[in-house]
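In what comes next, subunit A is part of two complexes: it sits with subunit B in the first one and with subunit C in the second one.
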Partner chain A sequence: MTETGPSRYALRMKGIDIRFGGVQALSSVDFDVRAGEVHCLAGENGSGKSTLIKIVTGVYRPDNAALIELFENPVEAISPVQARARGVAVIWQDLALFPNMSVAENIAFDGLVGLRPRGVRYGDMKLRARAALERLGVTLDLDQPLENLAIAQRQIVAIARALIQDARLIFMDEPTASLTQSETDHLLNIVRKLSSDGVAVVFVSHRLAEVLEIAERVTVLRDGKLVGVYPTEGMTQARLGELMTGHILEYKVTARDMSAAPILFEARGLSVPGQFEGVDLTIRAGEVVGLVGLIGAGRTELAHAMMGMTGTAAGSMQLDGRPYRPRNIREAIAQGLAYVSEDRLQLGLLQKQSIEDNAAISVLDRLLGGLGLISPAKKTDLIMGWVSKLGIKIGLPADAISTLSGGNQQKVVLAKWLATEPKLLILDSPTVGVDVGARAGIFRIVRDLAERGLAILLISDEESEAIYNSDRVLHMARGRIAGAFDPRTTSPVDLEAAIHA
Partner chain B sequence: MTGIVERARAALGREALGLIVLMVGMVAVFTAANPQFLSVSSFSSMGYQAPLLGLLTIAMLAPMISGGINLAIIFTANISGLAFAWVMLKAGGPEAGALAIVAGAALALIVGALAGAIMGAIIAYVGAHPILVSLGMMIFLRGLGEFLTKGGDISGFPEAVGALGHGDILGLPTPLLLFIAVALAWQILLRRTRHGFAVYMVGSNIRAAEYAGLPTKRTLVMIYALSGLVCAIAGILMLARFNSVRVGHGEALLLVTVLAIFLGGIDPFGGHGKVFPVILSIFILQMLSSGLNLIGANQHLSTAVWGMFLIAVMILRSDRLASLYHLFRKG
Partner chain C sequence: MHRLIRMGQIEFRLLIALAAICVALSLATDTFLTLGNLTSLLNNNSVNLIWAVGLLVVLIAGGIDISFAVMSSVVQYVAAVWLLKMGGGNWFFGFVLCGLIGAGLGLVNAALIHGFRIISIVVTIATFNVFFGLLMFFTKGRSIYNLPDWWADRVILFEHQSADGNWSELTLPVAVMAACVFATWFLIRRTNLGRQLYAFGDNPEGARRAGVNLAVMQALAFGWCGFMAGMAALMQVNIVREVVPNALYGRELDVLAAVVLGGARLGGGKGTVLGCVLGVMFVAVTQNGLNLLGVSPFAFKMIIGAAILVAISTSNISLGQGRAGHREAAQ
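Moving on to the complex of A and B:
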């Protein structure tokens, strides 16, 4: 086979069908990516984005495919090995790297493994790793174990690993989900550089702003069907959101003046050495308090102290006017606090366990039937009740929680905590890995809960999220509360400027 | 027809259904080879033999679901048996009365539970790995037991004790009834109590379980204590079956319990598994062994067959098998 100039298409697929059990995950979907293009694949969770990626990379085999072409060569069905050999790489959200190996080893990894035993030439390996990083315009210490690197740098390692295998089509799944703004800007620059090198990049992201900034075209999927392929020029966030969800989304400030409501939680001079110092915090019944700041500012640490997970060295807390000093999570829960962890995959849910068990875990004592035994019927009633109240989309209550999309998983987390009937709900980055439509759904629930008197502390990495959904926004910097903002008189841009000042 | 299969699968679970099919097939093959296999006496002898392995397997099961392992089960059973024997000897050996038997059993249960609780506490509060902790406990108990018995046997128990190992109630072997009772209790404990729920969650992801407000440390202490308690019951049964106690009795069963657990489809990494398929696997192993014995095969052969059996079941259960099948059919 002879190559006649650069191919115009990196990937062309037509009429892709795939079913999983009773679910038509994709139905006659067309998808194409031009060589060297930055293309965005947009759609809500469950719309079929990941399924599509997994077909391209050979993880799944479509039931029907009218056409699959990689770099203008027809392929009948793709296997994972073939996909890699032909220059397709995916950078998954969890990166799939080896934390205890060095940067160089991680980058050169695929060249080091094989059936036949052979020596590793470290010098050569480092040379190749350095060259890959240079293509990206980055310098990293090649001997560092990967675990010492920040997430943003690990992502660069993952990209370099794809480049070293001559990838010409790279899929990036939610690459900016855990990055700060400046890290995101840096990543977008790298993506542009790849594109100008002729590497096609397919970007899967929930953040519409960056989608519109980086991509030339966007393919929108909804419920396993193709909505359309659109140039990003002239596209607005609102329009894209509509295409993805099928209905019009509103962004507006929902803040209310809550200064007359009774104080529910109060912290005075709260300190944990090395984490935060002298924090004063007041949360009123029915109030949503946003807490923004850079990663490492001490926001999650403050939440942990409120939940009794770390002991405080100084200061005091009051709940409902009474001294509050939990010694562990169980005491905090018993007194009416609930904490939605930022790390849903590792800490918020038990991924291997069923949906109903995940929902029941914190309220087992309320599910007892005769003889003090857990009643399976009550357990199912509990989850089905929340499924209808919160609009969670599930298959069977006994299915593993990992079968649900991010947004639906997060709703199960909410259900779990709401079942404990808390007075104060701490939401730590509740929309990480949750798509636009589902985010709106989660914040509708949050607003509704606040209306009914639940106090909410909303820790957020996104200024606009905090502004639109809080009654009051606090800014935490270097372990201290650095400022307070009224969403009705502050724009997300102002808040962003304050945080990055 | 498919409806019945579907419903049976839903009621019993995938593992159990496969094992039942296997069991029926095995009965058919052995009966064809020797009609004697399908007789009351052969099933009754299995009913006396299987419960000891069964109880030890149950003692191993819960720690494995919690993501750990209890390597000390055999010696915990031995030490508990020693405690029982000690009370018997103090109370006059063969002349010991009912009260002494109850006291002996109580002491044995306490010793077993205590050995387990100590392991659980070290695993939970020190954070040491269950393999290391239970290995340490296993070696400690073995040494302690050999020191106390000077490596010899202790025997001479009242008749009533022998009845536990050899008697029957309404025609059913007493050991079998004991085993069924413990297995039922275990099933309820794991599936229907808060403690059992916590065991699965701890085995799945202990930090997430902690975040959800489960008492993870107490759960670990409790599960090893209960494991030790079941070991003690096994220890008493062992004493009754062999009419003697010796440190090292049943040593060969340690890894067979692990075999039975994996046959029963327990997730080796913790968090998943049911009691019923494990019980089926125990009886399958017993049938294999008894059946081979009946058709005159060498005793050692049955051990080899057990191993082959485990490997075969793992292959059959693998999800990859389906894709391999497709691959071969295409290629």
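Moving on to the complex of A and C:
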């Protein structure tokens, strides 16, 4: 393979400019990746990361480029097919795989592309697919359809697909967004393996902790400009967040002592067989309770039980001092609960519908006009009210929700639920796929809501997120509440140790 | 046995169901399991199966075609008029002409779908009406009976007289059907173009990013379907010995039903030639059996409808269980 001295580059770009209409998407950006390096490309949504990847892979052509070199060969114009032939591969966030095709065919698919008719040799395809998976140290059933695989395994299929074409520079776009912790660890191991094999990997991720763990260097972009290139050694999450957003983010504990506030919600001995057991939970008015734990510990299941989505939960629940036993989600909403689900893209929003329709869907009966039909004026009032209250950046209320960034989409989900005027808001992993700056915005809103007396249950996969934004943090493990922490006396590192103990 | 397991679930179930029906019919009637009945089943269903493999390719590529049956009517009529003008022609001209006109009409569909980014069901419902309307308008509904001899004469590939004096025979349409089935299998299973069709139907955006030429894929799928409509047109005339402009109107839904029964999915990326053949045979044998048993033809429609619902809903059940089990495994 190639020698991986520091002098060898997989990619060098200098002075990249590109405009789309009136927007300068990138202005004189320099970017380089050393051979065999794990490099992180960091920046908020809209900072130009995707644009840069698309230039390297030939999807866009820059307006100006002082220099583009791939593996130390100058490149004039590059098409997607040429980029692939030169050893550049991208693993998109949606993976771009084929669910009904076999694993082997997915891995070897690019060899079939082209209009020159030729035969298909399935045996050969399987051999090559197996060899690629062996390089990753993974075995998968090559004959089964991809749709039977979990997301993490599909990702491995996508990586194998890149390897089979001798990729020496692989871009990974948000590869860990939908992975559990152990799946993420496995993926990071594979990335390290690739790197030691001489394959350079460029990682795009919103999870700063993981970026700092895996990458050697990080290139930070902001508003289409290069902020700088930094070694990850000695870099902290807070510093990286500052570089990305351009302002100092408040990473400070906001916990207050809420023990005097009236109890809003109380569960005693709540159990759903096979999901969680004997859960006692108290949430006070205006209190933010963080709920952390490993995937599968029963946190989301607990939220579902509180929302009446699990038919029969044993034990008792009280809301505002009265017995609370919702039979379905409609009853839970009617009594003042709201639930922002972890799967925003599929469950929380109707992607093809407009922003205003999405925001209004939970309160349609309150928007009725004279004839019992929905009043457009009331609907617009509702959405514009929330847009200004939550600081949502939108074009027109009638635009499709899919035109918004992750952070703004999440704010629309919040608006949708806040419109029901809940007393208790359950947030399930509210910042998945949301960038650093927008996260801060969402937690400012959460804090405001709590100040106004709303009780909030914050389910989080990230210890630091829970510590900095909750008044009290509960740790759930194997279906039970395993411990309670006071953020004022617990560091994220302590909490992480407790969870992974 | 290994092959049976490798065979898709839907195909396997269909095969079992088909075998069960055949056994039941052989026991219930003494006419089903006769060479005469089986060969006539093949002769009479060759046109349906030719259409079916054409439609299969479109379904795999994520489209749907409603217009292929009336397309065949147009091909028949145009070819008949043209050949009569030429002074008769022969089989070679017949195949070339019908193939070209059919493929050409299919490409019209492809061009509309790709050029204007309209979904295929809308385009083909429109062309279904346009083709049929134009045909009836220009022909005024007149049929053609004075066909060239080569076209109307039966071409017998195999014949056999049984002891009781009944003739059984296989005719040219069966051979053409076999060729069309084989060609389609070869295209979608053994060539890179066919695999790109699957990929295109499965995940169009993924296929586009991989560099698959989407315009060519649409043209290939609908052109292939049109070509098959041309072959079906030629063979149907050979069977009925006349060209009646509205004879094929309405046949498209029966074929679509059979192909869907065979496991092809509206939405693309799924479907096999084997399933398609089994689907058409299932429908044909059911109809034949009900005829032999003297049951009303309306019962046939009912049974095919029910079979589709059972096939689709049970395949979803097993899929759901597979996914649920999988999720547990992932945790």
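The criterion applied here is as follows: the second predicted complex is superposed on the first by the 357 of 501 C-alpha atoms of A that agree within 3 Å, B and C clash if a C-alpha of one lies under 4 Å from a C-alpha of the other, contacts with A are read in each partner's own complex, and residues count from 1 in each chain.
Criterion: a residue touches a chain if its C-beta (ideal position, glycine included) is under 8 Å from a C-beta of that chain, and two chains touch if they have at least 3 such contacts.
What you see is a predicted model; the values in this text were computed from it and never measured.
Novice: Given the touch rule stated above, what does A:Leu112 touch, subunit B (first), subunit C (second), both, or neither?
Specialist: In the superposed model, A:Leu112 contacts subunit C only, not subunit B.
Novice: In the overlay, answer first, second, both or neither for which of subunit B and subunit C A:Ser362 touches.
Specialist: After superposing on A, A:Ser362 lies in contact with subunit B but is clear of subunit C.
Novice: Kindly classify A:Ser316 by the partners it touches after superposition: subunit B alone (first), subunit C alone (second), both, or neither?
Specialist: After superposing on A, A:Ser316 lies clear of both subunit B and subunit C.
Novice: Quick check on the superposed pair: does A:Lys352 touch subunit B, subunit C, both, or neither? Answer first, second, both or neither.
Specialist: A:Lys352 sits against subunit B, while subunit C stays out of touch.
Novice: Which partner chains sit in contact with A:Pro80 here, subunit B, subunit C, both or neither? Use first/second/both/neither.
Specialist: It touches subunit C, and subunit B stays clear.
Novice: Applying the touch criterion given at the start, work out whether A:Ile295 contacts subunit B, subunit C, both or neither, answering first, second, both or neither.
Specialist: The second partner, subunit C, only.
Novice: Identify the partner contact of A:Ser196: answer first if only subunit B is touched, second if only subunit C is, both if each is, neither if none is.
Specialist: Neither partner.
Novice: Looking at subunit A, does subunit B or subunit C touch a larger number of its residues?
Specialist: Between subunit B and subunit C, the winner on subunit A residue contacts is C.
Novice: Flag every residue of subunit C that touches subunit A in the complex, lowest number first.
Specialist: 6, 189-196, 198-199, 202-203, 205-207, 209-213, 216, 269-270, 322, 326-327, 329-331
Novice: Residue numbers of subunit A touching subunit B in their complex, please.
Specialist: Subunit A reaches subunit B through residues 329-330, 333, 339, 341, 346-353, 357, 360-362, 364-365, 368, 372-374, 416.
Novice: Taking the touch rule as given, give the residues of subunit A at its contact with subunit C in the complex, in rising order.
Specialist: For this pair, the touching residues of subunit A are 80-81, 84, 92, 94-101, 105, 109-110, 112-120, 143, 148, 150, 152, 180, 295-296.
Novice: Across the complex, what residues on subunit B touch subunit A?
Specialist: Per the touch definition, subunit B meets subunit A at residues 188, 191-194, 197, 200-201, 204-205, 207-215, 271-272.
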